[in-house]
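Below you'll find a set of structures to go through.
Same chain, two partners: subunit A is paired with subunit B first, then with subunit C.
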Partner chain A sequence: MALAVNDLKVWYRTLRGDVKALDGVTFEVADGEIMGIAGESGCGKTTLGKALIRLDTRMKHVGGTVVLDDDELPLADDAAMRRYRYREVSLIPQYAMSAMNPTRKIGRMIRDLLAAHNVRYAEVLPELERRLGLVGLETDVLKRYPIELSGGMKQRVVLVLSTLLNPSLLIGDEVTSALDVSSQKAVARALVEFRDHGFVKSMIVITHDISVLFQVADTILVMYAGHLAEKAPAKTIINAPLHPYTKMLIGALPKVGDRYEEQQLEGIEGRPPSLLEPPAGCRFRDRCPLVHDRCAEAPPFREVAEGHHVACWAVS
Partner chain B sequence: MGGYLARKTLVYGLTFVVAVTLNWLIPRLMPGDPVQRMVARAAVQHPETIASMTEYYERTFGLDLPIWQQYLNYWAALFRGDLGTSVWLFPAPVSEVVLAAVPYTLGIMIPAILLSFVVGNSVGAMAARSRWLDNVALPVGYLITAMPYMWLAILLAWGFGVALGWFPVAGGYDFGLVPQWTWSFALDLLQHWVLPFLSLFLVALGGWAIGMRNLIIYELESDYSNYLAALGAPKRLIRQYAFRNAMLPQITGLALQLGTILGGALVTEIVFAYPGLGKLVLSAIQNQDFFLLQGTLLFVVIGVLVANFVIDIVYVLVDPRTRTGLTGATS
Partner chain C sequence: MLTLSGLDKVYRTGTFGTSDLHAVRQVSLDVQRGEVVSLIGESGSGKSTIGKMVLHLLSSTGGTITFDGRDVTKLGFRARRDYYRKVQGVFQDPFSSFNPIYKVDRTFETLRRSYFPRVSSASWREKLDDALAAVTLEPGDILGKYPHQLSGGQLQRLLIARALLLDIELLVADEIISMLDASTRIDVLNLLGELKGRGLGILFVTHDLSLGNYVSDRVVILYKGRVVERGDTSAVFDDPLHPYTRDLLASVPHLDRTWEEVEAQEAERTRRLAGRCLYHEDITAQGRSLGDEAEAVGGVPNGLGLVEHAPGHFVGCFRKAAEEECPAGPAVKP
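This part shows the complex of A and B:
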């Protein structure tokens, strides 16, 4: 088991109280698995991704454990976490376009970063150049400044840079969101290739765009308002979702061949609840068509078929 | 780079021409007649003597010529290094008078600018990472940078000069001494230098420290800093990158500040009766000495232009983003 997350709670400190952005999530990611996390804005997916590598100053680890390759990660201890970062857990951030220092040549920046991890640049250089080639970049990008590269090129450089030390787990946060469709496809393919080459053991790909996950992910985890809603193999989530939220999310996607002149694309009525004082019980119940009395109690995240977990009273 | 240099040189050349023209023009727009003044100083009563003296002086200074010819002569003389003759210190040439004053002004300005830039930026960078230092440095920085130069100079003169008696409050060296290459004279020079230097240094220091503190906080929260931290880079590397990037706007700030600091140096010199260019400007105005005023201001203009030119070049060397703008980006 590459990654085991157990009842993880990470809250944001604000002046008005704690925002319970991640409120007890439990899941596992197997070796070689690419798990996608989907959900609307504010559901806690980015918080989850950040929690696994570096809490920012407003975030606090309230409870739960994360075990990576039999080692428990010291999430709350920034200094102790440094040992795991980059070598064990790595990140492709949401802001990959501006992730590199604008006044340093890319090669120089990589050299500085590697030196901080006691790795000699010259030793890694052949592998670095090979991987740049794999994602379709010339090796002379190392002699360029970030502003000399296009957005898609920067995204690919960050992909190569983030996985250079073969981390066990890679977190890709909205990796494809800022790219046009053709670059999206190239980056999505590169992610899968990097897993296939064994550059990263397992991957968590966070996105609001389920159609991207369908291309890259083996399994998809759907989150809603800081809780898990459903986790299943990607095909099952797309073709036979069980949780009413997942169904509505999939229903909101356009399908090839359908004409939307006569029929309206369905959306989901209402908004997610405030996470400052989240309601007890199922957090989706205000928007749920299947709501009944039992929903006042929080549903457990239960396995209903092999590899298919759902948190809903109506289904399990 | 070549094209950029040529363009910059052209711009600075044009600025120089305009500055020299204004410099020539402004004293001539001042009220009063310097020749009348010199004649009056001679205290002669005889009308014929007065007339011949006036004529002699006007010819000496070239004031009898039409105005456009005076202007052209001024340029011609300028290229020969001849700035004319001082009225106030007649018959000393202006260039000699100015050159004698320049070391004093540079002597307080260059250390004040460089030291305040280095110390201010370091203090600001440290304040950004220490709450305690931040709480002290920020209010103090705001206080001293908001002070007018001459006011701080007067405070220092009163505090350290009059009340404590540690330093002399006037002059470039003791009035009883004759300039010579001895240790006692050098020490005396240094004692007179401290207070004018300090008032320039302190005012500039606060501005740099506050600017650096804000810039570095911004840089430390930027995306590249977060990415480095997520990849386990030590704080030292992140701060190093942030400091380097925060220096860029500070260098621009230095170019913008030069004129202000120079203005500050001039008034500070007046407060301390320090024998630099500032005191010379004041004396030239008081004595309606066109030529001395022109010559002094010319040095000031050249100084600011040269310094700005140097900073322009330095900026291109340290910031790759400006460089690609010059050569055309390749992607």
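This part shows the complex of A and C:
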């Protein structure tokens, strides 16, 4: 088991109280698994990714454990986490490609990054060049400035540099967003290839674009308002979802070939609850067509079939 | 209703405006009432530039834009005001379209001040309620709120309601759903479909093919400023001809097929069309010598024109970038 997250709670401190962005999530990611996380904005998917690498000053580890390769990660201890960052857990944050230092050549930037982790650039250079080739980049990108590369090229550079030390877990937050479809496909394929080559053991791919997850992920975890809704193999989530939220979410996505005239898809009425004072029980209650009295109590995230977990009372 | 013909946009770039960037090349298309036309292309294809030129936010450097028979490329201040009564735009980021320190009502107030100064409060309120009802928003939920209290989908529908207050005939929707969550995205798309039913013409600018396909009657595929293929939505999506359109369709992440499956399905078409150029084949088949080509396709130079390969389905020369050579070889080079 590469990653086991147990009842993890990470809240944001604000002046008006705690925002319960991640409120008790439990799941596992197997060796070699690419798990996608999908959900609307504000569902806690980015918080989950960030929590596994570094809690910023607003974030508070309220409870729960994260075990990576039999080692419990000291989430709340910033200094102790340093040993794991980049070497064991690597994160590609949102908009990483736009955050490259514009005044440094790519090679120099990678050298600085490695130096910060006490790794000599010359030692990993052959491997770095080999991997750049694998994602279809010339080695002379190292001599170029970020401004000289396209978005897709920059994102592939980010992917190569963040996996250079073969981390056990890679978290990619919206790595394929803001790219053209052809670059999106290249980056998404590179993710799968890196897993297949064993550069990273397992991966968490966070995106709001479920169709990309269908292409790359083995399993998909659907989150809603800080809770888990459903986790299942990617094909099952798309073709036979069980949680009413997943069903409505998938139903709201037009496939190529769906036409407005022929069949009108429906969105989901309403908005997710505020996480400042979230209601007790199932958080999807207010928007759910299947709501009944029992939903006042939070449903457990149960395994209903092999590898298929759902948190809903209506699913037995 | 709206007709673009031979539209060009050249940006001057470089230190002293020394080099030219051809953002839009000889684009011709039209939008009729009660129709959604999707402008599909990747970044740098010039799709937003075209939308902005239609909205008069950018000037064109060549060609014409006519609206109901009138050239609107050179409008004075007063004429432009009247133009905006009929043509309005909604853009990608709903949060930056609102001033965060004012309540959303202000958007409607400024509109009222400039366009309806003599309308009484009561009838204005009635008009407003109608417009909000048309975009399926409850006035009570929306008015008096600040932008941050509303969702992106609600804000985007508010902006459409604002456009509807003007009795517009054409809406330019520039990537209006790309920042919305999947669950609200479809509501905005359905709204476009409904407005179309009420006789509005919509120019829908998007990079997302599955969304472009859902509401549009016709699609225009742009690559590097040039129209490579256009036609009825089903014709283009079921039988993509231009290599760029085929690449684009093969790169779209589908929900029911993996990329490998799509490639396998398309292998036959790819083989059949490899090394060919239907544009030049059709031109030759129609008995026009290539020397007359420029004339044959309506005076469009450099092979930027389109040929009607099947009824309602137009395709351009199969080279991708304008500088490249036609894949059918130099023998048919324009």
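Note that in this section the second predicted complex is superposed on the first by the 314 of 316 C-alpha atoms of A that agree within 3 Å, B and C clash if a C-alpha of one lies under 4 Å from a C-alpha of the other, contacts with A are read in each partner's own complex, and residues count from 1 in each chain.
Just so it is clear, a contact is a pair of C-beta atoms (placed from the backbone, for glycine too) under 8 Å apart; a residue touches a chain by one contact, two chains touch by 3 or more.
What you are looking at is a predicted structure, and each value in this text was computed from that prediction instead of being measured.
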item	value
Simultaneous placement of subunit C and subunit B on subunit A, clash or fit	fit
Which superposed partner A:Phe214 touches (first subunit B, second subunit C, both, neither)	second
Touched partner set for A:Ser98, first subunit B, second subunit C, both or neither	first
Contacts of A:Glu148 with subunit B and subunit C, given as first, second, both or neither	first
Which superposed partner A:Val181 touches (first subunit B, second subunit C, both, neither)	second
Touched partner set for A:Gly267, first subunit B, second subunit C, both or neither	second
Overlay on shared chain A, then closest C-alpha pair between subunit B and subunit C (Å)	7
Set of subunit A residues, in rising order, touched by both subunit B and subunit C	none
Contacting residues of subunit C [partner subunit A, same complex]	42-43, 151, 153, 181-187, 189-190, 193, 207, 209-211, 213-215, 233-234, 237, 247-249, 251-256, 258-259
Partner subunit C, residues of subunit A touching it in the complex	40-41, 151, 180-182, 184-185, 188-189, 208-212, 214-215, 238, 248-250, 252-261, 264-268, 271
Contact set on subunit B toward subunit A in their complex	222-224, 226-234, 237, 241, 244-245, 248, 318-321, 324, 329-331
Subunit B-facing residues of subunit A, complex	53-54, 56, 81-87, 90-91, 93, 95, 98-105, 112-113, 116-117, 145, 147-150, 153, 158, 162
